[in-house]
Each structure stands twice: as C-alpha cells, then as structure tokens.
Amino acid sequence: MPIKIAIFGGSGYGGSELLRILLQHPHAEIAFVTANEHAGKAVSDVHKNLLGVTELRFIKAPENVEGLSDIDCAFFALPHGQAMDIAPKLPAQVKVIDLSGDFRLSDANVFAQHYGREHTAIDAQSQFVYGLTETNREVIRSATHIANPGCFATATLLGLAPLVANNLLSCRVIVDAKTGSSGSGAKAAPNTHHPQRSTSFYAYKPFTHQHVPEIEQELKSIGEWNNELVFMTHSLPVARGIFASIYCELKKEIEEIEARAMFTDFYRESFFVRLVEGSPDINWVKTTNFCDIGFATRGRQLVVFTAIDNLVKGAAGQAVQNLNLMFGLDEKTGLMLLGTNP
Amino acid sequence: MPIKIAIFGGSGYGGSELLRILLQHPHAEIAFVTANEHAGKAVSDVHKNLLGVTELRFIKAPENVEGLSDIDCAFFALPHGQAMDIAPKLPAQVKVIDLSGDFRLSDANVFAQHYGREHTAIDAQSQFVYGLTETNREVIRSATHIANPGCFATATLLGLAPLVANNLLSCRVIVDAKTGSSGSGAKAAPNTHHPQRSTSFYAYKPFTHQHVPEIEQELKSIGEWNNELVFMTHSLPVARGIFASIYCELKKEIEEIEARAMFTDFYRESFFVRLVEGSPDINWVKTTNFCDIGFATRGRQLVVFTAIDNLVKGAAGQAVQNLNLMFGLDEKTGLMLLGTNP
Amino acid sequence: MPIKIAIFGGSGYGGSELLRILLQHPHAEIAFVTANEHAGKAVSDVHKNLLGVTELRFIKAPENVEGLSDIDCAFFALPHGQAMDIAPKLPAQVKVIDLSGDFRLSDANVFAQHYGREHTAIDAQSQFVYGLTETNREVIRSATHIANPGCFATATLLGLAPLVANNLLSCRVIVDAKTGSSGSGAKAAPNTHHPQRSTSFYAYKPFTHQHVPEIEQELKSIGEWNNELVFMTHSLPVARGIFASIYCELKKEIEEIEARAMFTDFYRESFFVRLVEGSPDINWVKTTNFCDIGFATRGRQLVVFTAIDNLVKGAAGQAVQNLNLMFGLDEKTGLMLLGTNP
Amino acid sequence: MPIKIAIFGGSGYGGSELLRILLQHPHAEIAFVTANEHAGKAVSDVHKNLLGVTELRFIKAPENVEGLSDIDCAFFALPHGQAMDIAPKLPAQVKVIDLSGDFRLSDANVFAQHYGREHTAIDAQSQFVYGLTETNREVIRSATHIANPGCFATATLLGLAPLVANNLLSCRVIVDAKTGSSGSGAKAAPNTHHPQRSTSFYAYKPFTHQHVPEIEQELKSIGEWNNELVFMTHSLPVARGIFASIYCELKKEIEEIEARAMFTDFYRESFFVRLVEGSPDINWVKTTNFCDIGFATRGRQLVVFTAIDNLVKGAAGQAVQNLNLMFGLDEKTGLMLLGTNP
C-alpha cells in the first residue's frame, strides 16, 4: 500500500524538489499537488525537467481540507504563514510535514518578531517535532507533525550538535553562512537578477536572520547552550548550496583527529552525514541529501565547515527523510540521489 | 566649453553605461539625468559602482522640455515608445541621440508590427540618422538626430557590411546570435532569475526579433541586399556580451586572408573594429567599445564571428562615439575603455 | 544474474557519469574500474560526490585483458586512441561499448585526418555498431560492439535524422553548436581556466571538428544525404550541456505543426526524446538522458533546436541505454535520472 | 617628463592589470615589460583585451639589471621568490614596487615558514615599506622600495586598522575571507577548472595562509595588537573580488553609527575607501581601486565587511597608488577606474 501524499505548494523550489524525489520514491503516491496560480497546468509546464516523467497537474488547494481523509501525509511547501492556516484543519490521521517556518518556534512572540506576522495557530505548534533527522531521529519515528528545519539551520546545527552534546563550547560561536540564489525562491527579484547576482557576493540580514531562533531553540534541546551566537548570512553567485564556516572556541585544546572521532561517534547512524578530509565543497553535495563536514583546528580553536544542498538536505530531502521514519521505512528510501562530477 | 548633456532614463543599464562614460568624458558635462521612479535619489544609490565618483541625483523628466534651451545634446535611454513622445518637443538646437528603437525604422507599419505599438511621431523619424558609426560616419558628423542601433543589429551589421558593400553574398544568410543577460535590462524578470539563468542556454523570439527590420533596412543602404535573412537570438548565461556567428555563402570561393583584407580595407578608419586571429571572444571586449571580428572559410562558405559588449558598442559606447562625431571631436574621445584580463 | 562490468578509464567525466549511473543500475555490477594515474585510490577520492556510496577503488588497467573471461561488458571511457589497443584483445564473449572516437569511423584515412593518429585496429572497426540508440535501436539489440556517438554528433543527428529520413533537406545545412566546459574533460587546461572561461563565449575548430565525419557517415545510413554541412562548435560559460541550432532549408514549405508531427512519428518509441514547445533549454536536460527538441519555421526555413547533457545523453547515459538493449533490458533501466529545477 | 617604468612579470594577472592601468596613466611610460615564456610576443597576444591599444612586446628579463639606469621605477609582478633575486641588483636610483610576498615580512624565519623557501636577500628587506597606502601614506611618499600588500591582507587590514588604532578590540578576531578565482593566477590548475569551480565553494589553507604574518606584523605597527587572529580563506565561484567578514568583539558596546564615524574619521583622506550602507558587494568594486566597507553591530559585537577587487586594490591598483605617492602625484592619478553596473 503506497503512502498517499498531498503537496501543498508545488510550484516553488521546495515543491519542485519534493516532486523530483517523491515521483521516484518506491512507497509514495502523490494524490495531488497544489499551486493556486498554476492550477490546471501540467506540473511539467512549470518544472520542465519533469516533462515526460509525470502527467500530474496542479490543482487549487482544496477548500475543505477537513475532508481529506484518504491522504496519509501532507507536505507544506508554501510561503511562511500559510501552513498555519491549513495544517490544523486536516483530519487527525493525516501526518504533516511543513517545510516553512510556521511551526518551528514554540514561542509565539519570537515567531512574530522574526516572521513579521502573528501566529494564528500557536496551540497546534506543540504537536510539531523539529525535523532535524540526525538529532531527533527517535522522536521523529513516532511523530505525527514535523516542522522541517530551515536550510541555514540544518547546516549550522549539524556542525554544532556534537560540540553542544559534549558540552565543549566556550565563548561566542560565529557562524559565517553562505547560500546559493535558489534560497531566495522561484520568483524573480532584484537580489536574484542574473546580470548582477552572477558577479556578486554580499552579506544580508545581519544578526537578524529568522533561522537564528530555531538554531538556539534546538541547541538547547541538544545540550548545554549558553553561548552567544553571531550568525551572518551571505549570498553566493551560484544556484545551489549552503556552506557554513563555524568558528568555535573550545574549553580545551583539540586535535583534528579528536574532533573527527567525536563527530564520527555522534553521527554513527547517520548515513547522510559524511566527514571529509579538508574542506567540504558545495560542489560535492549539490542535488543530494548529504551534509559534508570538515574541520580545522589550532589550539582551542575549532572551525567546523559544513556543506549541504539547500533545497535537498536543507528542505525537501530532509522532509522525505522524516517521512520515511514516520512511516517505518529506512530513512534512505528514495533518497539515494547521487551527486555529479562535475 | 563643455557639451551640456541631458540623459533621459538614467536608471537602466543603458543609462548606467552612459553615466560611466560621460562622467569621465573630457568635453561632456551632465546637466541632468532623469529616472522617474528614483527621482530625488543619488545616482550612486542606484549605480553603486559610482559611489564617491558623482554627486548627481536623479530628477523627474522635466514637464516642459520645450524650454531646455541650455542643453546641447539629449540622450534617450528609455524603454521603447517613450522617446517618441519627448524628443520631437525639444528645442531645435538640442541634438538628440536615442538608444531605443523609436526612430530606427522609417516605415511606421514595420515599426508597429515589431514594437507592438503605433508610432506617434513618424514625421520626426526622417530627421534621424542611423547611428552605426562605422558605416555612416560622414553623415553622422553633420547629423542632429541619431537613432542609435540595437545591440544585435550592431553585431550583425558590422559582420555583414563589408560583404554587402562588395556585393559578395549569394543565398540566404544565417545569423546565430547570443546575448548576455544584461540585454534584458535592469529589471528582474523570470528569464533573468539567477538560479535558472546561470545554467541555461536557449533560443528566443525566433525569426521575429525587433532588430531584424533595422538590419535589413541598413543593409539595403550599404549595398545590394536581396538575400533571405535567418536571424536567431539566444540567451547566454553570462552578464555581458553579444556573439554573432554569421553564416554566408559567397558568390565565389574565398580564402580567409582575402576576407581579412577586405574587412581591413573596409574598416581602415575604424579604430573600434579589431580583426582577430581565430575566433573573437566576448571576454576580450567586455566593458569596451570594441567590436572584434574573426573568420572561418571553406570554399564559398564564409563564417564571420563578431563579439561586442552589448551595453557599450551595442548601446552607450556607440552613442558617445556618435556624440563625438556630431560635436567635431575625435570619435575615440572618452571611449578608451580598456578591457580586462581576466 | 547481474551484468559484470569493467570500466576502462574511470577518472574522467565520462567515467564519472558511468559510475554514477551504473552504481544504481539494478542489473549491473561493476567488476573493476581502471584509472592508471589514480590506481589504488578510492573512487570517492576522485569523484567526491560518490563518498559513502561506493567502496570501489581504481586499479591499473589489467595487463592481460585476454584473460577477462568473467566480464560481460567492457566500457571504454579513455582518451581517443587507447581503446583501439585494448578492446580487440578482449575475449570474444565480452561485449564492448567505447565512448571514445576510436571505432566510430569506418574509413581509416578519415580517422587519421580527424584524430591526428593512425588507426591500429581498423579491421576490428567493422564489428562496431554506431550507438545512436534512437536511429539504430534494432541493430544495437543484437550488437556485440558499440561505438558510442560523440556528444555534438548526438545533438546534431537527433535533430537531423527525421528530416534526412524523409528526404526533406535541400541546400546546405548549418549547425551552430555550443558546449559546456565539461566537454573539455576533467583535466585543467587554459580554455577551461575559470577566471576567463566564466565570462567567455567563442568559436573553436571551425569546419574541422572531429565529430563532423561521424555525423555525415551516419546521416548517409539514415537516408539521402548529399548536402553541404557547415558545422561550427562554440564554448559556453557553463559546466554542462550542448545546444545545437540547426538551420535547414526544406524542399517545400513547412508549418511548425507538421515538423512536430514528423518528429513525433519518428521518435514514437524514443522515451528520451522530448518535443518541447518553443525552444529547449540546457537547464531542463542537465544531468539527464533526455534530448529536448524544439522548432521554428518560416516558409521553407526550418530551425531545429536540440539540447542534451553532453556527459549523459552525449556520453555515459547513451552508453548505458545501449547496454540495456544489448542485454535485453528496457532501454530506460537505470536511466530515470530526473533533472532539477533549478 | 614621464616616469620610466619597467615591469618584471607582465604575463600574469598582476601584470595584466598593471599594463591596463599604466598604459593610460598620464605620467607613466612603460620602458619594457618582461615575460620569459612569452618573450617576443606582442603583449596583446597574451592580454587580448589590449589589442589595438599597445604595440608593446614582451622581452626576456634583462640579464644585467645593474645597468638599468634609465628606469625610474620597477614593478615586480613575478611569482613569489623571484623579485628577491633581481630587485637588490637594480641601480640605487630605481624605485621598486614588489607585488609579490618577497619583501613584506621582516623576519626571515617567518618568511621561510610561510613561503616554503629561504629568503636570499633579507638584508634588502629593511629598505622596504609596507605599501598599504591608507595606513602608511606619509612614509610611502618618501619611500624608495615598496612591498605591496597581499590581496587578503589588504581587505583584512583596511577593515581592522581603525579598530586597532583606537585600541578597541578584545578577544580573538575572526576573519572569514573569500576570493574569486583570479586570485589563483593566470595558469590553469585543478582548483580553477571551470566545470568544477563554477559550482564550488570551499575553504582552503585553514589557519596557514601566507598573508597571516603580514597582517599581524602590520597590525602591530598600527596600534596595540595582542589578539588571536583566526584567519580563514575560501574560494568563490566568480572571477574577481575579495569579500572579508571580520568578526570583532569590542571592549565596549558600539552602535553602527559610532563605528561608521570612527572609520569615516580614520579614512578621511582616503578617497578609495568608501563606507557603504548595509553590506558592500564585490559587484560594486570589481575592476576598481575602491575598498567598500560596511558594518553590522550588536552589543559589543562588531562585524566589519570589506570588499575589494583582488587584482586592483589588492594588487596592481594599490601598487600604482603607491607609485603616485612616491613620485609626488595625487594618489588618484590614473586610478579613476569606474566600475560597471552590471
């Protein structure tokens, strides 16, 4: 029996990657995919990569979602602020995986501050498990609602989790994060205008990126976290990938080999975390669900480098990883998306 | 006495390049530069490359252009369809250089067909000289109104002019032209959305590009032109540059050395046309006013390759070249913009 | 029983893509992969995208290939001139798929002229079937040796085959072809030096590209071909993809709808050929085995646009498509490589 | 009387930019330019951007440099380790500007450790003034020998100098620096191979970049510097530009407006330092001699962002800025290289 899946918001890049993955997932069946402004169009008219691969058409989001009793799991890949209106109305047996920021933060005030809108379903938020698979694997297995992590949050948390779990961090932590242009979504905008973006590199949202509170909230659930977090996002002139350089000062000196051993141990069950020699490179993870991690050390200074594909491990891939766990499947199912060289 | 210059439409890429060039032109003084939606803003707020270089601010286009008697020359770098409303109202002594397509075509019907609007000042059109400097140099010297060529038209005409002048072409001519993304202008749009454009190459406007009629009109003024023109435009994943591959069948066999000699002769006075060994490369002309031309031959087949910067030789640079001629200056004045390696 | 596969030449981009595809092919088992200069290294040290996915190590090419009796199929992804020394020595039951140009041309003189070396195994050449799957499907099914087409040849032939088969072409045909930088292979070279290549577009090997003779040889086997072929290759500032603009003059006028119908008919059995509205775009075929084809028409002028991934449909993907046919499998097996948006 | 200039090492990117600038410098005359492997070739055969602009040809480096008494100033744009063999032999009246790392470090052991070779002319080093124009302007005016700063060092020092001069830094300073591919020089290499580099971002030389000691040496000359410097270099998939994100913890809280005022004051005489709103962007400084600086603050955390063109302000432009000062000219002479939008 396939898992019957609804995708709310299928025309953006998150939806695009959900479709790419779920169309080849051996246990998934896409019941419908919504895209209000493209309703009626073939999915392959929008995602032309899928021409010949699917006959699916976009539909308008159903008005009466309470009646969707034949759906097993609903993915939300809508802009922030929309899932909170729909998800709570779904029948109880429908599992939910939300790729937006709507249900990541437990504090309504923090949400309002970072997302610029009031939360209209904060009571429902407590049902949601934060879907960073590698740190929350067991609780995800029995979860019914997943708040899928932000892309920057994923890259940052996977680099910090072992250090926080081992209570090694002293002093402030600095995260210098860089993202490709697909992080801005599928709609054309001045900051993704090709003539300029292709020769640009710049910082944005200094200190104020909306992923900061989910990072800090999750770090506190992993271990002792009382450090100052300096989090800075930058724009890369490339389509896909996030690279985070995470600057830590530890409570004691550390050799690279020790750092590696600690991470190896922490991620023993985590197929999608790969520890690499030297620096990772976004080139080696693009279009895949891998998070590559490397290290540099000097005395008490440890720099952790992480690289992910922002749309896969940072969004749709991790969402499907969580789907797999929630439905009792191997977490790798449908996610053996091999990268390419070049 | 400097030449007093007005720029109508200074916030787009044509305006941007006019500003870059004219700010350093030894005989030009920019009286004002308009940009209705940025009126009041510093020019360097929009063109941040110019920060520290100019204190100019954008103004709204003056309502009463009839009164602009202290201006010597007005450049129009507005979207198609706007110069035709303003330019005819300027005082008689104001010279005009229009970078848009408004005054290039002598036939109002052809204009309407290719630009999707009626021409409202077709009578004024006859005042305009087509500003392809290399073929119309003498008439430009005494012109008062210039219709500056389109970027594709420039790259195509410079490759074909010597062949048409020498009446060598038989059979249809095929122009496979490719442009960088800045050709689409400064406004963000789906076709210049970085995540997709940076890995794209595609054809557009097959057979129907609006530069076709100005190419054919000008070829007829250069010599005998009765050939079929197959003109195809493509989009390159790079910001700047046009490359045209021009496939000709000649009335007789030709060696590369003969082609080169013919072009050398035709462009003897044309500093900005450079004949190169092998293929030109948009890399070597970017940000400059040069048009690089190369050849390949086999029997009666001659392929002419031309490369220009679409915004300089294809727009603002050629416009200033024409300004120089109209005001009795060396055509190179202010245009020794050296390219870079890399 | 899996198909036991040897890969000769696994460190280049052709080998890289063969590995990516064959590691997930449900009926393939890679017995060994050679790379003389990387012998002993993990495959994932060179193709870091494959880290965690395979434990394979490169070996030196076996000295005694005559003894490889446990291999079912050998792929050659070596530089031109090397497969001809090895392939003929393999045991008779080993099927061969050569991605290089060694066995594509039946005329030793033509080979010598285009590849700059003598052919040392021209007798063996007659065993080889030209592996353009869509035109040679039936003969490939029973073939033992495949000369896999060149990337430019694939893009060109798929655009021309229906027209030649229907004997529609009059006059010369012009192919303006453009390739991404991965077409130059995995070794760094001046023409792929990033600082320059990233802002370059230029023509190369005018009239003399080594894919020309295989195109003409194959066209003659498809139908009546007596036309002059003007074939021009250009370099794109992007990693992957080939786009060909193919300019045809037909014996009669044609509407786009007729062209489309003819191609639809010709490619009825060809899953990997997709006919698109408007222009294809390399963006939509990257990393896939698809060839997207579009049209523009005017009178007797027909322009066919084709887009492929040079390393997949233009090399490793088509090679596996042929493997599937030779071993009685569905040609799509292991090749449902979905592209991505973006 | 023009300044007679010799350029040792004119075929690399440093030489390329020196030529571009000096060919248009109103007081410079290039006496000769060397490039041993291109001796005899036209400069414009190598730097094809300069075709039509100069008739200069490369020569072999003169054997008897002691006799170069008609030269006023020698630039060295050679690989590290070569200037130290030649510069000390020049006649005393020849001023020297070395773009390599040979004469930046006063400690021979530190040099040997970071450059992997012994210093053969450490006695001559004391003649050299470190050519960071903005901090050493007065001493440069009377200098005869300039060690021109490294590109990363320039971007870092200009961001830190006002803070060190005001003795505001507490705790470690983290510099997350990113460079375009032209920083690797004009020779093709695996790390600049376009198919991979165009989709890459990675860290390299962690903690060990050779610019670290010159940064620390210079900071000590500017003020109190006892902080730990964590310096990390990364590779950007773009040709030109350096962006540094400099993370500082101050001894007291600071508002952005105060930071700005302090920098404004410090750089009051420095035309080429531009303080921008928000983040700088390498796009706005490319091909120019500007260093754009922006800020973000939170409590005692100050992040300084700097952006330069690595080949201009980070190499050839700053070298000419120093030339101007040494010869009593306005430091802007020949350096009004306006950037472009886009």
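Lettered A, B, C and D in written order, each chain numbered from 1.
Heads up, the rule we're going with is that a contact is a pair of C-beta atoms (placed from the backbone, for glycine too) under 8 Å apart; a residue touches a chain by one contact, two chains touch by 3 or more.
Treat the numbers as computed from the prediction; the structure is a model and nothing was measured.
*Asks:* Farthest from chain C by Cα centre, which chain is it? Let me know.
*Replies:* Chain D.
*Asks:* Looking at chain pairs A-D and B-D, which one is connected by more C-beta pairs in contact?
*Replies:* A-D
*Asks:* Taking each chain's centre as its mean C-alpha position, how far apart are chain A and chain D in Å?
*Replies:* Inter-chain centre distance comes to 40 Å.
*Asks:* Can you compute the centre-to-centre distance for chain A and chain B, using the mean CA position of each chain? Integer Å is fine.
*Replies:* 46
*Asks:* Between chain B and chain D, what's the gap in Å when you average each chain's C-alpha atoms?
*Replies:* 36
*Asks:* Residue numbers in chain D touching 2 or more other chains?
*Replies:* 13, 182, 186, 195-196, 198-199, 237-240, 281, 283, 341-342
*Asks:* In their complex, what parts of chain A are in touch with chain D?
*Replies:* 171-172, 174, 176, 178, 195-196, 198-204, 206-207, 228, 230, 232, 234, 236-241, 243, 245, 247, 249, 278-283, 286, 294, 296, 298, 301, 303, 305, 307, 341-342
*Asks:* Okay, in this complex, where on chain B does chain D touch?
*Replies:* Listed in rising order, the residues are 13, 16-17, 20, 23-24, 46-53, 182, 186, 239-240, 271, 274, 276, 281, 283-285, 287-288, 290, 292, 336, 338-342.
*Asks:* Across the complex, what residues on chain D touch chain C?
*Replies:* 13, 180-182, 184, 186-190, 192-199, 237-240
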